[in-house]
Each structure stands twice: as structure tokens, then as C-alpha cells.
Amino acid sequence: MKPSADSRSDYFWFTQMSTKFQDNDIYGHLNNNVHSQFIDNAVNLFLHQEGGLDMANGPIIGLIVNSGCDYFKELGWPEHQNIDIGVRVNKIGRSSVQYAAALFAEGDEAAAAQGHFTHVWIDRESRDAVEIPAALRQAMESVLPKND
Amino acid sequence: MKPSADSRSDYFWFTQMSTKFQDNDIYGHLNNNVHSQFIDNAVNLFLHQEGGLDMANGPIIGLIVNSGCDYFKELGWPEHQNIDIGVRVNKIGRSSVQYAAALFAEGDEAAAAQGHFTHVWIDRESRDAVEIPAALRQAMESVLPKND
Amino acid sequence: MKPSADSRSDYFWFTQMSTKFQDNDIYGHLNNNVHSQFIDNAVNLFLHQEGGLDMANGPIIGLIVNSGCDYFKELGWPEHQNIDIGVRVNKIGRSSVQYAAALFAEGDEAAAAQGHFTHVWIDRESRDAVEIPAALRQAMESVLPKND
Amino acid sequence: MKPSADSRSDYFWFTQMSTKFQDNDIYGHLNNNVHSQFIDNAVNLFLHQEGGLDMANGPIIGLIVNSGCDYFKELGWPEHQNIDIGVRVNKIGRSSVQYAAALFAEGDEAAAAQGHFTHVWIDRESRDAVEIPAALRQAMESVLPKND
């Protein structure tokens, strides 16, 4: 039951991030934690730009409760100085949401890696779970796959 | 089917790592990619110390093909300046192995986060999958749960 | 006018930090930005532990206006899994202070690298320079070289 | 003798790098080590693209022996998602070279931070200092200020 690589058309919002030589590890390729950082950052950038999320001062925060990633192709600096990251939402609940995101080398149709993680939204002060606010929910729904 | 936190007795080799204020993110706690770095580093340190793995120059390298993590309790600097990381092996195949590792706050019996990842061992030059060498396999077997 | 390496006796407060294989760069040694992170973190840990600095919520913050570092000996993982960092203060003004800090391999008397940086203390909200509060100043004075 | 911020016209080669929310520190701005990473990376990208430097496998490596940076304006995510980095060379010797590089917010003429560092070029195996090869030297000379 080996997973297969997604393609660009499986994602509905894209951003691009640059790599640094410091992102390579001892084996000469992007260390796997760079993938996680890109995925986490792409989703939060999406939520900021499309849903108005204010990570620094907003009343709610998204707490990651689990995450996972499949890796298909090694990426590295300087071969891959810019990486495209696609974002979608897999499912939305009352206070939790699961995102998926994938890294694409420029020119590649197939993902080099694809990951997912779940946010539980909580009140910044009380730390209690909260209902996902309308503006964020609307942004999330805009990147849900249709007819799924 | 929410996962529950492992305890220290579920792991069979331990190391300790220090946190930095730069590991905290915008929410004031360790960013989730720090957990991944600690888990990946703990396993490789174990393989180096117990199985003789030479990441810089050895003939084989462990390629991560998938990873996952569950988070139970937020960690942060300076409250948690040192984190204990426990390592075990879940299963060993011919050329692949799945590890599990967990982060523990000092004094805590329950894991703050627990993750797993799978290495496929390949030849550094040809990139072909190779059988796990005896010294590494012996180290891995030493942290397999008994009677499982 | 090549600088020479300081020794441990040039510093008056010490902490220890662990390295990870991800801290190594493409050349197999700790990337130079790791030194900066360790230096910055060691000074802030000192200010927190000895002067009560609350980085997350305190009314003032230390803004770095300049920094510099000299490198004498390469450090790397796994040869150097723990690094000792020594801290001192070079000079204290009304609202600014220059620190020095150095990295020592375990067992070495001579610094592998030594750096310095200057904090200007500002109000967290107004961003105006403020006088260094008594508790922080007292901590800083405790690591000033005598008879200098 | 406070330094003043350089302008874009003080630099002769430019690249752009993206920031991540994980680059922000506890104070909500880019941690100062991110500046160092960007500067180090920009210079090496320049040497790779313009001088053919092969960091992974080339016969020589550039060892940083000192570095310094002045900071003028705070940068942060998501306000500054892309940073322009300008590169120049201050002076070239037989085997050593001092670079300068600066970070510019998009639309800003004045540097947010400017740094410098010195490479001593050594043989990858013997670790002896070597004369800077012609292709690298030519690239370096192309970003030396004229009539200075």
C-alpha cells in the first residue's frame, strides 16, 4: 500500500519558497525537516492571505496535533533553488481541520513530497477549543476538493 | 481513535538535547519542526553510537520515505531547556526499518510528542536499495519491543 | 592583527548546548550561523536566569544592533555533541550593552569561536530606548572583567 | 561612529530569498541568525552561479574566519515575505577574500542590515590555504567597487 505521488492538479493554492545551502544536510539534499517547515509555512501563509489569520496577535491559534509526510524524490540546493508548494484542505470539522500540502520541483508535475497535518483551533488565552471562525472556514472551503 | 501518549518504558535508548529560544515560534512554544529534527537526530545518533553508522562517509545512507508525529503537550524555551528523547524500532525488513521516538519533558512519564519514520537503506553511489548490514541490524534489534 | 583565541578564564558564566546532525552544513561541519545562534541563546539564557529577563512577556526587549564573530577551529557533529559556551560583558552603557561569548569544544581550553554583539534595550510597545533596569544591570556587571 | 545603512547601489549582484513564519523569533521579527544565513547563502549562490563554485564536490572550500553585521531596521514575516540581498566584494588577497552583503525590504533603497565575512580558501583534503582559482577570482572582481 505504498502511496503514490500527487500531481499539481490535486492542490488549489500555490506559493513558492526559496532554498538555502544551509537547508541541505550531511547527505547533500534538503533535510526532511525543511519539507515540514515549507508545508507548515505554506498553510499558514494561505490562512493569512486568504482567511485573514493574524498569527502574532489574533485571538485564536491553530495547534498542530498530528502530522505526516511521504517523500518521493530528493530535493537539494542549488539544483532546486525555488520550490512550489501546493495547499488543499482534506476535511473540516467544528474546531479542527486537516490540510494537505505538497512540494514540487520547478517543471515537475508529480510531487517530490506530500504531507498533511491537523490543526485544532484554540483560544489564545484560555487554550480551549473554539469553533473555526467564518472567514477562516470560507478560505479552507475554497481549497477543498470538489465532489469528493 | 485518538492516539494516546506513550510512556518512557515504551522506549529503549535515550539521549538528551537542549533547546534554544530560537526554537520557539510565533506562538511562544517549540515549533513542530523542532520535534522532527530531534526525532531524526536521536535515531541517527543511536545508529552512530550503537551501530557504527558513519553518516558523512559510510557506503550506505538511510533515506526517509515517510514520517509522522502526534503532539500531546506543548514544549517551550526556557521552561524546557533539556528534552529527553527515547528511541525504539517498530519493525525491520530486508532494507527498510521503521523507528519510533518520543520527546519527554524532564520529570514527565508521558510523552509530549511521539513520532515515527521509515528509512530505506541505499548505496551512497548507486542509490540502489541494500540489505541492512549486520552491525546496524543488531543495534536496531536491541531496541525492538520484546514479545510483540 | 589577526585575533587570537580566548581561553575559558576570559568568560564568567557557562552553559552547555547540544548539536544535531542537521547543524552540519555541506562541508560536514557546524554551519557558522549555528555559532551565532548559540552565542545569542547563551546570552539570553544568562539574562533570563541571572537577571530575570522575560523574553516572551517582559516590558523591554534587547534589540541587536551589531554582531561579529571570529572562528578558529571547526566544530561538527558527531565529534562535538556538546559545546560549552562562555559569556561575559564587555561594556555597559545607559541603554546599551556589549556582550562577548565563546564556544569551547569539551576538553579544550582555547575557544573554537568567539563573538560579540550589542543590545540596545527598548520598550516593547513604544520601541523607545530605555535605561537598563537594575536587576539586568546587576547580572551584567557580575560578568564584567575585573580591573579592566 | 555609528555605521549608516548602505543603499542598493553599493551592491553589484542581487538575489531574492523568501522568509517563513518560523524565521520570526520570540519578539515577532526575523531572528538575527536568519540575516547571517541569507548573507552567507547569497554569497555562495553568487560564487556558484558566476564563478562555478561546486560546494558539494569541488576541490576547494571557503572557510569563514570572521563575520560581522550591522542591523538598522527590523524585518519580519509576513510583512516581508521576500528579501532582496545584494552582494559585493570588499577586497581580494591571494587566498582570502572579504565580501559584503545587505538585506533590503522590497521597495526600500536603504539596507535593513548589512554584513561582511572573510573566506580563506583551502584544499578540501589537505586543508591547506590555496590561491583563489581564476574563475572564482574573476567573479569576485566583477563585484568589486570601481575606483575605491
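In order of appearance the chains are A, B, C and D, and numbering begins at 1 in each one.
As a convention for this text, contacts are C-beta pairs under 8 Å (C-beta built on N, C-alpha and C of every residue); 3 or more make two chains touch, one makes a residue touch a chain.
Bear in mind that the values here come from a model prediction, so they are computed numbers and not experimental data.
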{"item": "Farthest chain (mean CA position) relative to subunit D", "value": "B"}
{"item": "A-B or B-C, whichever has more C-beta pairs in contact", "value": "A-B"}
{"item": "Separation of subunit A from subunit B, taking each centre as the mean of its C-alpha atoms, in whole Å", "value": "22"}
{"item": "Chain centre separation (subunit B, subunit D; CA means) in Å", "value": "35"}
{"item": "Computed distance of Cα centres, subunit C from subunit B, in Å", "value": "30"}
{"item": "Shared-contact residues (touching 2 or more other chains) in subunit A", "value": "21-22, 24, 26, 28, 31, 33, 37, 40, 55-56"}
{"item": "Subunit C to subunit D touching residues, read off their complex", "value": "3, 26-27, 31-33, 36-37, 40, 55-56, 61, 63-71, 74, 117"}
{"item": "Contacting residues of subunit D [partner subunit A, same complex]", "value": "16-18, 20-22, 28, 37-38, 40-41, 44-45, 48-49, 55-56, 78, 81"}
{"item": "Residues of subunit A touching subunit C in the complex", "value": "21-22, 24-26, 28, 31, 33"}
